[in-house]
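Chain lettering (A, B, C, D and E) follows the sequence in which the chains are written, and residue indices restart at 1 in each chain.
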Amino acid sequence: MASSTLAGLDALDTQEAAPRDRRRLAASAWAGLWPKLAAVALVLLAWELVHLTGWKKFVLPGPGVTLSNLWQQAQASLLWHAIATTLERAVIGFALAVLIGALVGATVSRIRPLRAAVGSLITGLQTMPSIAWFPFAIILFGINTTAILFVIVLGAAPSIANGLITGVDYTPPLLLKAGTLMGLRRLSLYRHLIMPASLPAFVAGLKQGWAFAWRSLMAGELLVIIANQPSLGVLLSTDQDQADMASVVAIMIVILVIGLCVDNVFGMADRAIRRRWGLMAGSDAA
Amino acid sequence: MTTAVTEAPAAVTLSGVSKVYGRGGTAVRALDQVSLAAAPGEFTCLIGASGCGKSTLLSLVAGLDQPTSGEIKVGGRVALMFQEPALFPWLSAAANIELALRARGVGRAERKSRAAELLDVVHLSGFGGKRPHELSGGMRQRVALARALAQEADVLLMDEPFGALDAMTRDLLHDELDRVCAGRNLTVLFVTHNVREAVRLGDRVVLLSSRPGRVIAEYPVPIQRPRRIDATAVAELAGTITDRLREEVSRHGK
Amino acid sequence: SSASSSSSSGATSGGATQAAATPVTVRLGFLANITHAPALIALKNGYFSKALGSAGTVDPTSFSSGTQETTAILAGQLDAAFVGPNPAINAWQKSGGTAIKIVAGAATGGASIVVKPSITGASQLKGQSLATPSLGNTQDVALRYWLKQHGLTTSATGGGDVSIKPTTPNSAAVLEFESGQIAGASEPAPYDIEMVNDGGKVLLSEPGVTTVLMVTQSFLSAHPAVVADLLKAEIEAIDFIKTSPAAAQADANAELAAYTGKPLKASIVAASFKEIDFTLDPDASSLTADAQQAVSLGLLKPVNLSGIFDLAPLNALLSADGQPQVNS
Amino acid sequence: MASSTLAGLDALDTQEAAPRDRRRLAASAWAGLWPKLAAVALVLLAWELVHLTGWKKFVLPGPGVTLSNLWQQAQASLLWHAIATTLERAVIGFALAVLIGALVGATVSRIRPLRAAVGSLITGLQTMPSIAWFPFAIILFGINTTAILFVIVLGAAPSIANGLITGVDYTPPLLLKAGTLMGLRRLSLYRHLIMPASLPAFVAGLKQGWAFAWRSLMAGELLVIIANQPSLGVLLSTDQDQADMASVVAIMIVILVIGLCVDNVFGMADRAIRRRWGLMAGSDAA
Amino acid sequence: MTTAVTEAPAAVTLSGVSKVYGRGGTAVRALDQVSLAAAPGEFTCLIGASGCGKSTLLSLVAGLDQPTSGEIKVGGRVALMFQEPALFPWLSAAANIELALRARGVGRAERKSRAAELLDVVHLSGFGGKRPHELSGGMRQRVALARALAQEADVLLMDEPFGALDAMTRDLLHDELDRVCAGRNLTVLFVTHNVREAVRLGDRVVLLSSRPGRVIAEYPVPIQRPRRIDATAVAELAGTITDRLREEVSRHGK
């Protein structure tokens, strides 16, 4: 009876009751891994099957060709160089966006006329396609990495600000009251109460911000093409230009894998928060 | 979980149940070798110091958590009234109750009238349209009680259900609860800090020791129903239990 | 900082001697594109540095579209740029004829209308869709004008007898052609070559200028000697293309790869070089014709192009070299 | 004393204590409006000042030129036609993305192996630039509106799914326990508990999803040009190609205004939720 | 808000305070013309039925909400212990207390030791490192009490602070509270449902009527301190007050 009651909850937990010994630990690692492997295997299988039917075979490469292409690219330095360049830009741009987004979010959510004035503008800016900013990037910064960073910041900062604002809006009023009565004011109210309370929404905003930053970057990299400094955006567009679909798909796989890794970082942050807040069922088991 | 074979068809059986939260240096042993059986229809009150593991025990019985060791058997559907109201903030008081009815498969028309009835039982008719945040603490607790009753479970677990209520309202609800229990063959595990309340309501009062929780004494309540909380018999037994409890506390340190 | 160096020296209209005193950085734009081969080769082989000597250095910037070059030059971020004729006209028009001068050509030809092999004439294009790189660009205007000459109408919004679809990026047009979704396209090299490789047929090789070299007027008046040096380098590059085409193709492709990551197929480069005429002559008449066609199609506001060319420095170099002059 | 304690909280409220009469209502409407008007006036002023200095005057049009350009465009039918086309595509694509995103989010958040398998993939997909999907859109759907919708869905559905997953993750375990014990199972658990509990995060996800959808659309519209059916994406790119900066900025203003309107819709939904949940301080005042 | 001139320098003064939640047909009048004054250092207990407006009254005094009509004057800093613990879930028990100290500008080293002291006062030493979700209901309430004490306010408002505690722990905390009040000139408004507790702690017990809340009686408590909750004098006065309360409830409906 009781155990059947649990079934529903169980499916919702992200973490099993902590394992008691090594074997259990291995089992839980395996539990996290096998679905991923199975998914990859399934996708490859389906892809190969489609490929075998010969459907659109002039334009759609098979998994074999694509993977060997990826393998070859991984042997050469070009791809790694491109990954390094792009990641460096992404990280710097994202860091800037986080700084600016958090600042704007904190300011706007706190000052009422400012919020009325520019609150909606934030989403408005978010919907502006990167391409629209290109002329401004060129005009203001010329042709250099700063122009790319400008495009990234304009793409990502709004989501980060929006995430923070959502978090502030959903800070439980009871805690807010408790904090104010305690004597927390202005900055310290922010630092000790509103920031931590809005952390989950902020992290969600960061995650979205990363996606925006990355996509803006992919577009922005075409703006500034620097000799002997390949980047993923340029590689992707070059491969498309040269109708080299196997390479296109290979680069897409690289982008996907980077996205997966970044998601895992955010996932870890998220789980850390939920464990801390006691929002993760099962986390307290012995 | 279901391997134990108990001789009597008890509604709830705990055999040697322990529960440890966390591990290593900061582990907290909340329950230690608790064995307890409640017969169908029995009203068992649990009393113990703050943090002795009463809520833990109820959540284990409800199947919301697994014991570290020991076995638990529960016969029938379980409803749990949490220590906090745990109402759904996006639903009005009435809708909260109706949702419980709906989960049981009660039809739409009947839901409405049953919810109104239950609100009346907890003396909140007229407040069905309010959302939880528009209710006072005691009102929320009463909505939670109505919701628990709406589930018409075989085993009702109640965690300090009347803690936030004034004496008068509480007395009225004691009577209502008596009525509900008499009507159905309801097994109740009832946690309270109020020894008189325990004696007023229970067929049996179980005393738990301070951390880790262990059963230290059981008192059957031989007083004839209907009982009144200010009856002398109730006061007397409550006095005995309180003395025993005080003794336990003084032994275990603050 | 380079911006201030070039514009501050622009105030004193000095000659080569003054420029030699303070080395100038020439901010040069170009497209990482096969039609910009002279720039690519000059960069690859160090012709610019050789020609400038101690007078200055070249700071090359690769763009992905001519429009961006126009924006950059109008915003004072560039001193000189290899561009298509349309962006050059735009820069001229937007600044009211005050920002730039075209000082040389670089390439003509190198674009064609490629269609399905079953189509043999303009009349068969009725009711079909054709792609172009973007509305109002050289290939777009050429296609529309050619259709108009054959009595077929088009409209800026894709209507008319023939539906014109400006498609970005160019590779999408190739893919659309390959998968049979359009009847053909008017594209520059190497995309037209790729379409031919995919079974397309050249319906028309578009004549006319493809790439020119423009410089800002302030830079030209401040550093005429430096502009002459740029031209010298370009002359050397084009000579190299003429004299050793195979080596020139390899150099251009290698420089292209430095920017785009990957070289083009050698066969595509060879075919493109065959199609393109790399020449210093900006083919002034074709540029004005191009503009007039665009105006007549309603894709360009009427524009007075007189004075857009300043070919004196080029002609000076050519005559010193004993080569025929070009005219505007 | 007491009133000074309130100052901090006050700044955080989005709504004043409800006004008691008409005059107060007008005052509160004005309180929402003047900061917006002030912001617009300020921006225009700064812009005009920059313009007057003649800075980058060939490429940066002044506000006068831009606004009269916008006014002229508003007289003609082209702009309205483009807005209608683009909005229609946006709405259809977004609706599809919501459907698919919500379905995927609900499924993935509920089934543990699936979550392990494809959970991270969602963010991975989100970081894939729209341009990468173009070849597939062309190959799979040809040049028609379906291809655009494909690009939109791939852009927006991941954020929507992610929003829902975040919401599910942050559903208070106490409520989850209460719901399961009540006997809510599978679909009804979702419908009556998890969905409403994750509504705030879901709405935040929708907002981000809209931004992704819109940006993907702007890119995707360049891919599919349908006769006599102008769209904002095409207008923007044509104006850029012709270096017509006044028109570019005019179109950007249009995009911004649409973004503002959409944000207001989401803002209303958000405030409705917060009022319902009692998360909005001041909403209960007489 | 601050225009009223009262003759005595009361720490808290309410004059004709009313509070209506919502409007139109669903409006709820929570408080009706409540006038009340607490002298500096006075310990006032508020008693009333569930939903009669006690929490509302405290939140008005704390300045968290504005009265619909009437005036409130408060002299000095206010601390409020809410009916729910309202702990910050991301901070450990000790850190919750330390934050209150920090807001008052207490230095880092002193914060640590003061927090440990306060945890000891509420009999929770050893639990400083636990987060709220790892504490039992009664433990959370005690941490909230420690946090309220840490604010060292001039006026302390407490909303059923001992509702979730067992009798023994509560008695211990009564003594601690007595000690704290004696040490400083602390003005306390104390809401409780336990009439004995009110008499045990208060200098005065104020009875509020059922919805809308109105002051119906005030009882000074002339009993010598230290008091014991099971002392006869306490039981007697509590009996009187309970009778009055019961009468009120029966008059006001069910």
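Here is the rule we go by: contacts are C-beta pairs under 8 Å (C-beta built on N, C-alpha and C of every residue); 3 or more make two chains touch, one makes a residue touch a chain.
Here the structure is a predicted model, which is why all the values come from computation and not from measurement.
Participant: For chain E, which other chain has the most distant CA centre?
Facilitator: Result for the farthest chain: C.
Participant: Most C-beta contact pairs, which chains?
Facilitator: By number of C-beta pairs in contact, the leading chain pair is A-D.
Participant: Let me check something: if the centre of a chain is the mean of its CA atoms, which chain is farthest from chain B?
Facilitator: Of all chains, C has its centre farthest from that of chain B.
Participant: Averaging only over C-alpha atoms, locate the centres of chain A and chain D and give their separation in whole Å.
Facilitator: Chain centres of chain A and chain D, defined by C-alpha means, are spaced 18 Å apart.
Participant: Measuring centre to centre with CA averages, how many angstrom lie between chain A and chain B?
Facilitator: Centre separation, chain A to chain B: 46 Å.
Participant: Indicate the whole-number Å distance between the mean C-alpha point of chain B and the mean C-alpha point of chain C.
Facilitator: 84
Participant: Approximately how many whole Å separate the CA-defined centres of chain B and chain D?
Facilitator: Averaging C-alpha atoms per chain gives centres 47 Å apart.
Participant: Which positions in chain D are in touch with at least two other chains?
Facilitator: Counting only residues that touch two or more other chains, chain D contributes 5-6, 9, 56, 59, 131, 134-135, 139, 177, 180-181, 184, 237, 240, 245, 278, 284.
Participant: What residues in chain E touch two or more of the other chains?
Facilitator: 21-22, 62, 64, 77-78, 84, 134
Participant: Among the residues of chain C, which are close enough to touch at least two other chains?
Facilitator: 71, 75, 169, 172, 175, 179
Participant: Show which residues of chain B lie in contact with chain D when the two form their complex.
Facilitator: 59, 62, 64, 77-80, 82, 84, 86, 88-91, 99-100, 102-104, 131-134, 147, 151
Participant: Flag every residue of chain C that touches chain A in the complex, lowest number first.
Facilitator: Against chain A, chain C makes touches at 29, 32, 60-64, 68, 71-72, 75, 77, 169-172, 174-175, 178-179, 194, 258-262, 264-265.
Participant: Can you list the chain A residues touching chain C in their complex?
Facilitator: Touch residues, chain A against chain C: 56, 58-59, 78, 82, 134-135, 138-139, 142-143, 222-228, 230, 234-235, 237-244, 247.
Participant: Would you tell me which residues of chain A are touching chain E in their complex?
Facilitator: 174-175, 177-184, 188, 192-193, 196-197, 199, 273, 276-278, 284
Participant: Quick check on the complex: what are the chain E residues that touch chain B?
Facilitator: For chain E paired with chain B, touching residues are 21-22, 26, 28, 47-51, 54-55, 83-84, 123, 129-130, 134-139, 142, 159-160, 163-170, 172, 193-195, 242, 245-246, 249, 254.
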